[in-house]
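Chains: A, B and C, in written order; residue numbering restarts at 1 for each.
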Amino acid sequence: MTKYKKPSRNFITYAAVILAFLICQLALSGMIDGFKMSRSLKGQLIPICVYIVMAVSLNLTVGISGELSLGHAGFMSVGAFSGILISQYLLHAFPEADLELVRLIVALGFGGLMAGVAGVLIGIPVLRLRGDYLAIVTLAFGEIIRNLINCIYFSVEGRGLNFSFLDPNLPGTMLINGPMGATGIKKLATFEAGFLLVMFTLIVVLNLINSRSGRAIMAIRDNRIAAESVGINVTKYRMLAFVVSAALAGMAGALYGLNYSTIQAVKFKFDTSILVLVFVVLGGIGNIRGSIIAATVLTVLPEMLRQFGTYRMLIYAVVLIVVMLASNNPTLSSMINSFTGKFRKNSEKEGDKA
Amino acid sequence: MIQFLSYLLNGISLGSVYAIIALGYSMVYGIAKMLNFAHGDVIMIGAYMSFCAIQYWNLPPILAILLAIVVCTVLGIVIERMAYKPLRKATSLSVLITAIGVSWFLQNIALLIWGANPKSYQSLVGFSALTLFDGQLHITGESIVTIAANIIIMIALTLFTGKTKMGKAMRAVSEDKGAAELMGINVNATISMTFAIGSGLAAIAGVLLCSAYPVLMPTTGSMPGIKAFTAAVFGGIGSIPGALIGGILLGVIEILGKAYVSTELGDALVFAVLIIVLLVKPTGLLGKKIHEKV
Amino acid sequence: MTQKYQRIPTKMVPAPSHGILPERDVMERPVLETRNLGIDFGGLRAVEDFNLVIGKTEIAGLIGPNGAGKTTVFNLLTKVYQPTMGTVLINGRDTHGMNTVQANKLGIARTFQNIRLFGNMTVEDNVRIGLHNQISYSTASGILRLPAFWKGERAQHERALDLLSIFDMQDLAGHQAGSLPYGAQRRLEIVRALATNPSLLLLDEPAAGMNPHETEELMANIAKIRDKFKIAILLIEHDMNLVMGICEGICVLNYGRIIAKGTPEDIQNNPVVIEAYLGKKKEEA
């Protein structure tokens, strides 16, 4: 008899994240001697959390659901701008209320909600396609979202919210100003909020994967026809993964947006989608812990390479190519396999995939 | 009306550039089943090479173009050998990420050599503009050359893939790699050849693109690259006439959209049309239908 | 532990509508009834005038030379393909316009000629996926780990092991499905299909790649499944020992048309069938 499903590996993931957060907190408070965080690294803490959430949520689409999405930054931007919009509106409309935490939570929730809605709207057409065609359409949607945000104008006047499409002339204080983006944002993001968002994302994604719905999603990925033959509603579960992934990206976007005083839609270009995809692939397709590590390392790496000046992005590119070549090299991977063979056998017995 | 004609011609001209780039994408996808994201950056390298040839080495335009073609062809072969060939059996996602790595690599090499500041590209087209309808319709020399080049390339490639031994080998490999190998076709050489042709075409596209839109930066190739890729998918990836139709339609939609709808929304319109086409015909306008056997 | 399966010839009687049924099933509603079922692929008529009735607890065989359209019939019954003509009734319900998922919910489950397991998942998870609609709880209770989740998971686990025990596979529950030997993969596919609680089980070449001993065992197990779950089974098979040894009614397909129907004894002596399999004098087998 096999033992009842054990979630132990997930707890390792949670524990590692919590531990990393505590170490960062200690380092920030300067309680550990000789382990001080540089200024630039401090500035990276919130983006790291954001990118972890982005990578984990994209892994849900790419790794667990098996759909190559090249437009994840699109959902991030929907979340960022809707989060900023509601937070800034509340700030201007109710200036007497001093509720930063409420505004942050509302912004994250609203950002996630709007990105989720965008996920449904985009998912309906996109999920009718497969493979590379699906990839190119997600790319197209990402670019469309960016273009549309460049045409959107919002202003606040007293407690009223004005909106226009393409017409920059609005009365009151501009909140979102077309191609100029959102300006005068009151910064609300904190490292603690980032950490909690990471934990929230992990709980949602890991619990989803290790449940009936998660198995249905993976069944569709592995063999769509077989999944249909046992009565799994393919559209429903592909959509579920896509929308949950979009909503989480939206929350990450909202946190990201509220970390800066100004932000433009250009920030969420196709390149950002690609960057997050790189995190997912390097961390291991379908490997949530890998996504976390890759997002962290690859966000910090360019900062660490700063001493190389203009060469740093070149080095980054070379590292990426070399890692991809090495990880797909049969002789090398068989060497690694024989090295880790014992370990692998043990983990296979656990029969868990997350 | 004249105004519309002029936009239309601009669109066809831009679309011709897209079509030439799309060919490279389409051929490589057809044969290696990979999205070569670095293709757009090969265009940029081609443009820089011709720029240097003219500005610094004072070569005549023809030599400058030839130099760009040679450099890009070699570059294409080198990229394929170094980065893609070892990944022949890897997942398509690994290959995609590697292609992205190559794309970043090329962009950053260009950044190191030529700097981030945009260079103003001097058109290599010697023709003066053609003026019709009492000076109301103005067709630039660049447009004429681009459209002509596009037509020549399309005809040449169609003949090449249809009549020559190498061309037939390419079609065989893109149909079934294993069977082609069993028939004695050198698959690796064929794939290298495809990259060489695609990259050579990218150099031509780079020269034409920058002659018409004379801003040259390390990221010059990326957006046209993506749009050309869209064009290839739009027309039906793997198909030469598909790339032509897709490219030209895309160029026309983009220019007309920017002129009549909104400058901001031109790109959005392009992508929206792509999505609609794919929903109606999931493998593009001229793409083949794929059936899954149960 | 399994003995050689010994078939007791079933008395087949004419069905109320058309075709024949085992005598014990005559008073029950047939699990499957097709009327003039057919499909065109382009100009090619792959299957036509396919009329078949299967009794509530019948084990039926669908045989025919390669390319006769047997798997196409399965794809029509499970709505992978939409028929161009005719109707499929499952438990008396017209499946017109339904998809595979709806057909499965009506009570039809299948295995595949080329095995389609979820190879990267464990054996148990494969069965649990089959239990998707049988033991369910909402996505939200899964994410929030509500009591419904724990209850559902435990029930799925127990039911999965229970089903695996039909083939004595409960000890393999934690193994990766793709790493199982071929015969075990075929058996797992049957268990997964059974997990959806079907009233008609379609088996597409269940004995393919099995050795004679395994085939013997499979025959016994097919009969056991029918007796235990009181369901009907329709199987495509090339192994005539299996078909003749276990099926009660047999339907022979050639070039998309039924050329013979009857008991194993009828079929074995039918000259049309012999001709279809062995060809006329000059043609090759």
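In the analysis below, contacts are C-beta pairs under 8 Å (C-beta built on N, C-alpha and C of every residue); 3 or more make two chains touch, one makes a residue touch a chain.
Since the structure is predicted, the reported quantities are computational estimates derived from the model, not experimental observations.
Among the chains in view, A has its Cα centre nearest the centre of the complete protein Cα set. Distance from the centre of chain B peaks at C, each centre being the average of the chain's Cα atoms. Chain centres here are Cα averages; for chain A and chain B they lie 32 Å apart. Centroids built from CA atoms put chain C at 44 Å from chain A.
Note: centroid distance chain B to chain C, computed from Cα atoms, is 51 Å. For chain A, the set of residues that touch two or more other chains comprises 225.
Among the residues of chain B, those touching two or more other chains are numbered 294.
In chain C, the positions touching at least two other chains are 80, 112.
Partner chain C is touched in their complex by these residues of chain A: 1-2, 4-5, 203-204, 207-208, 211-216, 218-219, 222-223, 225-234, 240, 348-349, 351, 353. By the touch rule above, chain A contacts chain B in their complex via residues 62, 68, 125, 128-130, 132-133, 135-137, 139-141, 143-144, 147-148, 150-151, 166, 178-179, 225, 270, 274, 277-278, 281-282, 285, 310-311, 313-314, 316-318, 320-321, 324-325, 327-330. Contact residues of chain C toward chain A in the complex are 78, 80, 99-101, 104-105, 109-110, 112, 116-122, 124-125, 128-130, 132-133, 136-137, 139, 142-145, 149, 152-154, 156-157, 161, 170-171, 173-176, 192-193, 195-196.
Residue ranges of chain B in contact with chain A, taken from their complex: 29, 35, 83, 86-87, 89-94, 96-98, 100-102, 104-105, 108-109, 111-112, 226, 229-230, 233, 237, 262, 264-265, 267-268, 271-272, 274-275, 278-279, 282-283, 292, 294.
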